[in-house]
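Pasting a structure below so you can have a look.
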Amino acid sequence: MIQVGIIGGGGYTAGELLRILLHHPETEIVFVHSNSQQGKLISDVHQDLIGETWLTFTNTLTTDIDVLFLCQGHGQSVKFLEQNDIPDEVTIVDLSRDYRLGEEFIYGLPELNKPDIQQSKRIANPGCFATAIQLGLLPLAKTHEIKDEVHIHAVTGSTGAGQSPVPTTHFSWRSNNLSIYKPFVHQHLDEIKRSLTQLQPGFDQALNFIPVRGNFSRGIFASLYMNTELNVEQLHDLYHEFYANQPFVLLSQQNPNLKQVVNTNKCVLHVDKHGDKVLIISMIDNLVKGASGQAVQNMNLTQGLEETAGLNLKAIAF
Amino acid sequence: MIQVGIIGGGGYTAGELLRILLHHPETEIVFVHSNSQQGKLISDVHQDLIGETWLTFTNTLTTDIDVLFLCQGHGQSVKFLEQNDIPDEVTIVDLSRDYRLGEEFIYGLPELNKPDIQQSKRIANPGCFATAIQLGLLPLAKTHEIKDEVHIHAVTGSTGAGQSPVPTTHFSWRSNNLSIYKPFVHQHLDEIKRSLTQLQPGFDQALNFIPVRGNFSRGIFASLYMNTELNVEQLHDLYHEFYANQPFVLLSQQNPNLKQVVNTNKCVLHVDKHGDKVLIISMIDNLVKGASGQAVQNMNLTQGLEETAGLNLKAIAF
Amino acid sequence: MIQVGIIGGGGYTAGELLRILLHHPETEIVFVHSNSQQGKLISDVHQDLIGETWLTFTNTLTTDIDVLFLCQGHGQSVKFLEQNDIPDEVTIVDLSRDYRLGEEFIYGLPELNKPDIQQSKRIANPGCFATAIQLGLLPLAKTHEIKDEVHIHAVTGSTGAGQSPVPTTHFSWRSNNLSIYKPFVHQHLDEIKRSLTQLQPGFDQALNFIPVRGNFSRGIFASLYMNTELNVEQLHDLYHEFYANQPFVLLSQQNPNLKQVVNTNKCVLHVDKHGDKVLIISMIDNLVKGASGQAVQNMNLTQGLEETAGLNLKAIAF
Amino acid sequence: MIQVGIIGGGGYTAGELLRILLHHPETEIVFVHSNSQQGKLISDVHQDLIGETWLTFTNTLTTDIDVLFLCQGHGQSVKFLEQNDIPDEVTIVDLSRDYRLGEEFIYGLPELNKPDIQQSKRIANPGCFATAIQLGLLPLAKTHEIKDEVHIHAVTGSTGAGQSPVPTTHFSWRSNNLSIYKPFVHQHLDEIKRSLTQLQPGFDQALNFIPVRGNFSRGIFASLYMNTELNVEQLHDLYHEFYANQPFVLLSQQNPNLKQVVNTNKCVLHVDKHGDKVLIISMIDNLVKGASGQAVQNMNLTQGLEETAGLNLKAIAF
């Protein structure tokens, strides 16, 4: 059994990680660290876990583990690793953005870097928007077919904004509402561009990205389009080939809808040609494939487990 | 024109009051007081008021007005009136619960106390749950027909919890969720009992009240039932008679639904007999008839205006 | 008082029209025609109208009116006018798309065609998406500044899909969901292009339009961007000038959110420059400014009333 | 591997059954029967199953199976079994209400009838409201402690109303709305009374049940209260004892909320004393513990599998 520790256990991504790991056939949770919740039952904080665990949050640390998940806020992972000496043989999966752009950690998008992830013990888990957008574009980058600017519009659920209540996550404000934030300058663009450049050297097309706050809890619904000379058959071939061995990326022939992926580790893509443009719809659950599910997928790869272990999750569907 | 001032202008009930008063044919807003928002455009804080007013929040006070609305939190109205000398001739409508149970202010439920309200310059605006529940029971109390315990279940929108973001108003938590709070002991029971006793002296039946947090922004949906020997015709007669001259209380023959009243000052009641029991469904918008709309109704009555002035509001319907 | 008749009274847009007209200070509703609801109380079908009217639906027609609103489905207005002889002096406002592209009716977008509307008795009320998108682009077209393709993404509420229950309006499917329909080919593009060409002769830029089904009942939230050499001051000047005398179009300096406009006849626009691109956010309530509110605005203009008469509607805000 | 067939494969409960069975470690789906969807890919109808199965719907039947699930509408199971000869050795789990009140099938509430279910090949799966309400009351009935009338209020998600779009499941109507239906006379009362009588012979207390249509897709949130002389310790002991060996019924010390159980087979109960009354909150997912999850639980019991096999489902939580 893989021995697992979790840092930052009280937040959304840690809760989601626990929901998955408690039923993972190959893992054992050694500790769940939290300064704010220390001593409490985990199921008193993540209340849906009632009946699934009698673990409590701890504020002490052991390194006698195989995998350590860092689930604190952005900036906290760097601090944590400065203050704590984690042995080299312990695999670290960092869910913050602290190590996504550097060279110390492997960027943990399995559909891009699977062989490197399998060999690595330091994984930077991608951002949620970044995951949805990259999975929509990687096949085009692989074949150097991003030859024009890309137009991206993506709506995210409220869990993407984290656990601290703020005005834009107040139910009275957010229900039945929509709003844009950080248009053209969202911080995830950096990691997206780096990945595209990895596959398509010299990539320098504009990524025009409009992020939107949606009135639902879970999910990212992204549409992406650009001019292309590829026809629809070429496009379908290219996507099918790229994702042939990627168990969580599914190509839908039907017009898709977000709830197909909510509560799963899937990314569903729909690719079609409209005039001169290819339109790609890319959908994930921001807390699963966009965070904790992908972290488990990365753990599976680093530990030599089946990639899908513990990740056959029932969709909410309704 | 009635000259109006508002204290506590940055909160939900003040915003709602402004939405109504800005189109009221007989009022002029003299000032909107707010310590936290002082100097800002009102339409920069209550953003839906864009284009309707160029007023700014002030932190100074003038008493050269006809009506003063107190929209601060509970406990703040007492403090405010201790610290500020409001002339007797200025009508005060207090939206907090500070004066609902005392003798200094008239309890401002027009369907109960209209003649007194018309003569008064100190009005304590009722609570939202209290409004919905009392309007469901007053006709029975009037005829001394509450002869058994009453079973009350009421679901409230998130705006009832106020503007400060807290865990139970976080969108990620509240959407698609339900939960009970303060079962059998909600603080509004006191004002309800006082009103029932006013009509039915010696009233001492139990009011079993289960308040529920609903996953919608606006509205209160209450069901009330009790044993009664009255038959359905007697019940309908009793309710029709009691509300004959009350423009905002409507008796529905059809099975009602909450959105009939959302964004209006209406209370829709549906009364039916099931076996030995009368079932009353009572529905209001907690911010309108349950707060600011009722405050305007009280203002209208105290100022000798048409009771419905400024209160013919379009329902949201969908 | 303006005498009004309504055809197709049982549907969403007729219900919304009634909600507005019943409180309009200058109109009297003479009849509400409906084949399917004939004989029923209007408030038994549009249940939120309880207490506001005792009118019933009729299946007979009188032409002794000033204004006739056609609220039937697309294709039905042509049939109706073939089968019924409406005198020339009766103003017709058609809410279907039957006459939007022809020459017989004036296209009833007041911000584009106000002088013609004021002189006309045949008005084709614009589509909801078309209204939001045109109001976002008209100032640029007026100055012939649409010099590149435009990227448009717009999310609509479920009321846009009409009253008949279908799979994509089933609550179990639509709640918490998003999906795209008719990408790049939505039928409203025709009326949009016609209007842009009216202001910018020879207009032939691509309008790349992604329509999205949103999980809310009311509202259209549109984002539009394109390359422009205009700087932000020039853009603001241009929009302020174009809308200086348009009471329902408001320019927001703040980042806007959809609920600012829900239940109102407003269109709120936010215009900003990002790099080489202008981003315009345009928001309306699809049933009000996108349908019945605009129809009343057109009625007001044709009848020589104040343009805003009956249209100072309280926003839902929450 | 248990060989499984499904009748009525296109509906909600069949879809949910497939979501569970496709990842059940001990089952193999032999056929999914549907007259309306025959020939289509299952994942084209239940779209979230993309990537999980290449099965298609069939309109032919084989009886070479271990378990047959009947997922058609109420009344259809009787017809099906009249028209089709299912061998005695095939276990039938009927999700309709056709056999719940007769003697031919065992009433499949495991927490009531586990030994009988384990010995039976004909199981009538309980109703969703009935499950939530019974699980709230069984421990009291077991000790003959239901000595007064019970007050029950329960809100259900829209999936309880089935797949056919009707006015009360139209998103435009149902979102942000609440309404009551069948007060005091809901059809599930019969099966509830029968179970209570089974444990408390001669049971004849009134069950005052107010069912409510909620504005969410999944879940039942029920509150139940009655007078009792038991104190809170006695109540807790009684519930803990009754559910000691029932893996899916959890007793929460905290005030619970519906999303703890959504997408799981759990029933979370909270029991507390308020004055003379015991208040029980009982929550399930209507499609899982209230339908298809419980059907799988029954299958597990009849086939000698672990009761929880395939039912450790990740909660949606948000």
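In order of appearance the chains are A, B, C and D, and numbering begins at 1 in each one.
Note that a residue touches a chain if its C-beta (ideal position, glycine included) is under 8 Å from a C-beta of that chain, and two chains touch if they have at least 3 such contacts.
Predicted, not measured: the structure shown is a model, and the values here were computed from it.
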Task: Remotest chain, chain D as reference, centres from CA atoms - done: C
Open item on the list: Looking only at C-beta pairs that count as contacts, which pair of chains has more of them, A-C or A-B?
Closed with: A-C
- [ ] Measure off the straight-line distance from the CA centroid of chain B to the CA centroid of chain C, and report it in whole Å.
- [x] 34
Task: Gap in Å, rounded to a whole number, between the CA centres of chain B and chain A - done: 45
Task: Chain centre separation in whole Å, for chain C relative to chain A (CA means) - done: 40
TODO: Return the residues of chain B touching two or more other chains; collapse runs of consecutive numbers into ranges.
DONE: 12, 157-159, 172, 175-176, 215-218, 256-257, 259, 262, 318
Open item on the list: If we count contacts the way the header does, which residues on chain D are in touch with chain B in the complex?
Closed with: 151, 153, 155, 172-173, 175-181, 183-185, 208, 210, 212, 214-219, 221, 223, 225, 255-259, 262, 272, 274-275, 277, 279, 281, 318
Task: Residues of chain D that touch chain C when the two form their complex - done: 12, 157-159, 161, 163, 165-167, 169-172, 174-176, 215-217
TODO: Using the touch rule from the top, collect the residues of chain A that touch chain D in their complex.
DONE: 12, 15-16, 19-20, 23, 44, 46-51, 157-159, 175-176, 217-218, 247, 250, 252, 254, 256-257, 259-264, 266, 268, 287, 312-318
